[in-house]
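Below are two complexes that have chain A in common, paired first with chain B and then with chain C.
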Partner chain A sequence: MKPKKLSVGMVSLLVGLAVALVVPLIIGSNQYNMVLVTTVLLYGVMATAWNVIGGMAGQMDLAAGAYLGLGAFTVGTLLIKWNISPWIGMILGGLVATGFAALVGYPLFRFGVTEVWYALSSSALVEVLRVLFLLWEDVGGPVEKYLPFHKWSLYHLRFSSYVPYYYIMLGLLLIALYANHRIARSKLGYYLLALGENEDAAEVLGVDARACKIKALMIYAFIVGVTGGVYACLYGFIHPNFFDGLQSTEVAILGIVGGMGITYGPLVAAILLVSGREFLRSNLSGQLESLYLAVYAAVLIVIALFKPRGIATLLQDAYKQILSRIQRDKNVQADTTNF
Partner chain B sequence: MSKPILQISNLTKTFGNLVAVNDVSLNIQEEEIVGLIGPNGAGKTTLFNAITGLYKPDSGQALFKGTDVIGLLPHKICRLGMSRTFQVTQAFNNMTVEDAVRVGAYNRCSEKEVQAQVDEMLAFFDLAKVREQMCSDLGLALLRRVELARAMATQPELLLLDEAGAGLTAVELDELMDMLRRLNQERHVTLCVVEHVMRMVMGLCARIFVLDSGELIAQGQPAQISDNPKVIEAYLGKRALR
Partner chain C sequence: MVDTVVQNLISGSLMGCIYALIALGLSVIYGVMNVVNFAHGDFVMLSMYFTFWASTWLGIDAVGTPLFTFPLLFFIGLLTYYAIVDRTLRQHYVTQIAVTVGLQLFLRAFAQIAWHAQPRALSYSLIQGRIEIGNYTIILSRLISAVVSVLAIMAVYFFMNKTWPGRAMRAASDDLDAASLVGVNQRRTYAIAFGLGSALTAIAGGLLMTFQQVDPTMGVRFGLLSWCVLALAGLGSIPGMLVTGVIVGAAEALSMALWDPRARSLVVYLIFILVLWLRPRGLFGRK
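== the complex of A and B ==
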């Protein structure tokens, strides 16, 4: 039973990966489409990382933009001021985001801030950082700071096509998925799930709530921070508006709608919803400005009503049905041979 | 010779003006089964919460194997070897039975040992058949057993059971008492049960403590307790004594 499940997961992962690898060959000539698919992957990475703190540990984190921005500003500033490669900057950006996460996470978890209060505090964090970076003119400031232009430089991570960024983002997505997969099958993963379900019960079973949540927050912040570095190179500038509260909320929405605690759930949600939203935006905005948001919201409401545990459960149910049908066919065959 | 595993002295816990536990002192010996009874609101659950780290008592001491556990976080207390179940079942609804037990098992097991411990607990509590089921799909009797298995998977020396028998049928209650006796005899676990079901308390416990309005009003063997005028008064009122 167990190895079979794994192989189905592996097969779908490999098929997905194969499709993802050839996407640029098909639509690579259209740069607008390339930005779209890269954006879908960007949300996929962030929502997958969010799954560790939000989906597993049940902490409704709305601060993805804070870590994304910190990563972006680390990479951007290092590159602009000291010509340090974004490859190094990305790791440092991840570490800056992680350090910041530990700093804000410690008091929040020390005093047991959960649920709405955690959501509000983390959401405020994004806005605080945005204002701070607007005022801190050396690094941020109200005017965009552009990264140096290079037509094609791997060292500077600057390309005149979106295709390389797409593949880098795909790499990050694989790392995020792998991290999720490993955590979900480890002590930390079971502890986080238990905390998400019932904190008191988990604690009397030996779960160190504070330590586990801080670890989860730091892993999430690191992945999003690194992603922020790529984000800065992708857009070619840094600006305090990268600390985006709306975007942060959307990451959480994708995590919830995809299926809390399910490794591939947030990714499925990102693929369906972000591409759907962009499709609606480009097709509807001609007639009615922001009608796409109304349709998008309606879709979210429908999912919340009929599949409150997430889109991923649709796939799980379908898989179970196929399994039971195969089992039934086998039984029928066995019965007929018996006669 | 038996020695004390838990020594509670002068424990007091107040909520505003309400004194929920008032200056309670009691000892539990290694490997015995004791009961903690009293009318609703007597402070039994508060006492449990205070010594497992969920509440912070106002004053007092609770020495578990010589270490004062007051002020420690719940997971540290579990680490020392004390675990508990809850009066209202606190299930991990979206986890399978197996995974719920695994959470407890990680307390003392490495990644390599954990599966063996899970399997052992599922077998001991006769849960192997439902291991793949979600906890949210289980009935009360099974849920209580999962909670027991979960708590026992942490390999405690002292297990506190908060009304584990409430709401069970007679048959289920017999099964539960049987399991608890086996835990005590085969695994040498000290048990402290808070219970309203008298059949369970009288059948299981060697000694009983009685709480009323936060105070310890009696302690002793089951027969002494059921004849104790103070206990009868607490449960039935003064007129019952005439």
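== the complex of A and C ==
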């Protein structure tokens, strides 16, 4: 039997993973840089998860912050009140987020809220949750609730260094990528692609659009909810501002400019844009505060205007070009050997 | 108790008239060219800052500043249309969201650079004072703001129904191809619509500055709020916009007074979500 050939995607994934694994060895001593790379991964996880509902199912969900916050509050509250390990809390947080997604998603899809109205109502949802948690003083409230301090405890998921969080986030990213990959090649994935293209046509062909969209929403909510649990431990406190409308929108924008429906697209966008933004922030803000934000926003606009299908398509085009060049070279060789 | 409710109904409704004016700008943009504009609230923020500038540098009262800010915002709207929005017309609405969210971030960053992220407020305005009617107090600046808003809305209504550019906009909104056939210049009509939609925020900004301060992050709230008013009213009904604006303003004031000041936007957003579920065309929708 011939050994299975490694695909280009697999090779680049392995190379990327190898690089990601050694990053803390290089910059691990600088905690500021570790926070930055962990933040980049955080956005990467959320944008990759968003790809399931936004990219594949074509629903402009702007509620990533809602699921992130729910996960964070589940983990934080369980740990503070009952000393339950975040490892358990994380899963529960994911389930809480999933349950909430189902609760909200059912009427949304049942009443046919689509396109911009779906986007706006999901955006409003984040704000609704933020205010509710602000008013619910037992769990939220206007004052930060700090997680118990531990110098190095795996049970409490509290470390005095950011390196472990980085690796946990990397693990979540792999899970999110794998989920994307599997869904894209499953029946659900094809259904989602079909209804993302044209919902009416897909329904005529027998796709249960509502059920598929809810499934996609729940998968996305679960991953983001689990991430929220890690987020709470990373920052060491919980606060209603975790329900951040602008951050949620940003996740969706990363998904869009990365390339909707392309598994690695949102990740590429997160890596390039978020790390670019943070680089600008630390280098530009000396002269003018917020200049980095203006540059970042301008880059977003330019990409969205001129590459509306996403920056991942640039990679795809480059790959195709290389392939065709190799093909041509082979043909030339074949020609010269024939004559 | 009854006094509190009535008092807040009055002041909330007055505020709602300004919301209606802001949402009318959004409705002109979305209704005419079907462009999803997430940056509308930041135009409000921008015009409030311009009001601050005009007022402190030129020494005119906030009420008078729309004389300068209205043309300025109209011009910025035109610029935005030709530079950015025009290219997204044939694109998916998702691209429009991405572009206008980028614009939103850009305007916010611009405000933070230009005004150093400090809240700004004007020290006084001509229209200060209050009117006492029985047990109730009406703040004069709010009353005049509401009256000016209603007048501006009526002016837009007149413009849309009686003038050629306004009719062209409505025609383009109904059927672009047919409108083009009878001589409506699509690009110019759209550009004017975008300029007008943005310029309306200049009036609202001037009025808001008479009793409120401005900070760079408030654009998000106004943006979502004006989408709420628009969704509640539905497209195509200008008087309906006024009614829903008042509903939103009153709901906001009541939930602040009777529940908790922090619950300000909660009730509004809940109404918004419920209306989207139950009456997707809004209360007065035409299409």
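Everything below uses one rule, namely that the second predicted complex is superposed on the first by the 333 of 339 C-alpha atoms of A that agree within 3 Å, B and C clash if a C-alpha of one lies under 4 Å from a C-alpha of the other, contacts with A are read in each partner's own complex, and residues count from 1 in each chain.
Note that in this section a contact is a pair of C-beta atoms (placed from the backbone, for glycine too) under 8 Å apart; a residue touches a chain by one contact, two chains touch by 3 or more.
All of these numbers come straight from a predicted model, not from anything done at the bench.
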item	value
Clash or fit, chain B versus chain C on superposed chain A	fit
Touched partner set for A:I91, first chain B, second chain C, both or neither	neither
Following superposition on chain A: angle at chain A, chain B versus chain C, Cα, nearest 10°	80
Contacts of A:L174 with chain B and chain C, given as first, second, both or neither	neither
Touching partner for A:E127 - first (chain B), second (chain C), both, neither	second
Contacts of A:E197 with chain B and chain C, given as first, second, both or neither	first
Which of chain B and chain C A:L135 touches, first, second, both or neither	second
First (chain B), second (chain C), both or neither touched by A:P107	second
First (chain B), second (chain C), both or neither touched by A:S186	first
Superposed model, chain A: greater residue contact from chain B or chain C	C
Nearest Cα pair across chain B and chain C, whole Å	12
Footprint overlap on chain A, where chain B in one structure and chain C in the other make contact	none
Touching residues on chain C, where the partner in the complex is chain A	36, 38, 84, 87-88, 91-95, 97-99, 101-106, 108-110, 112-113, 116-117, 220, 224, 227-228, 231, 260, 262-266, 269-270, 272-273, 276-278, 280
Of chain A, residues touching chain B in the complex	186-187, 190-191, 193-194, 197-198, 200-209, 261, 309
Contact set on chain B toward chain A in their complex	52-54, 73-75, 77-79, 83-84, 86, 90-95, 99-100, 102-104, 106-107, 111, 114, 150-151, 153-154
Residues of chain A defined as touching chain C within the complex	60, 107-108, 111-113, 115-117, 119-121, 123-125, 127-128, 131-132, 134-135, 142, 245-246, 249-250, 252-253, 256-257, 260, 288-291, 293-294, 296-298, 300-301, 304-305, 308
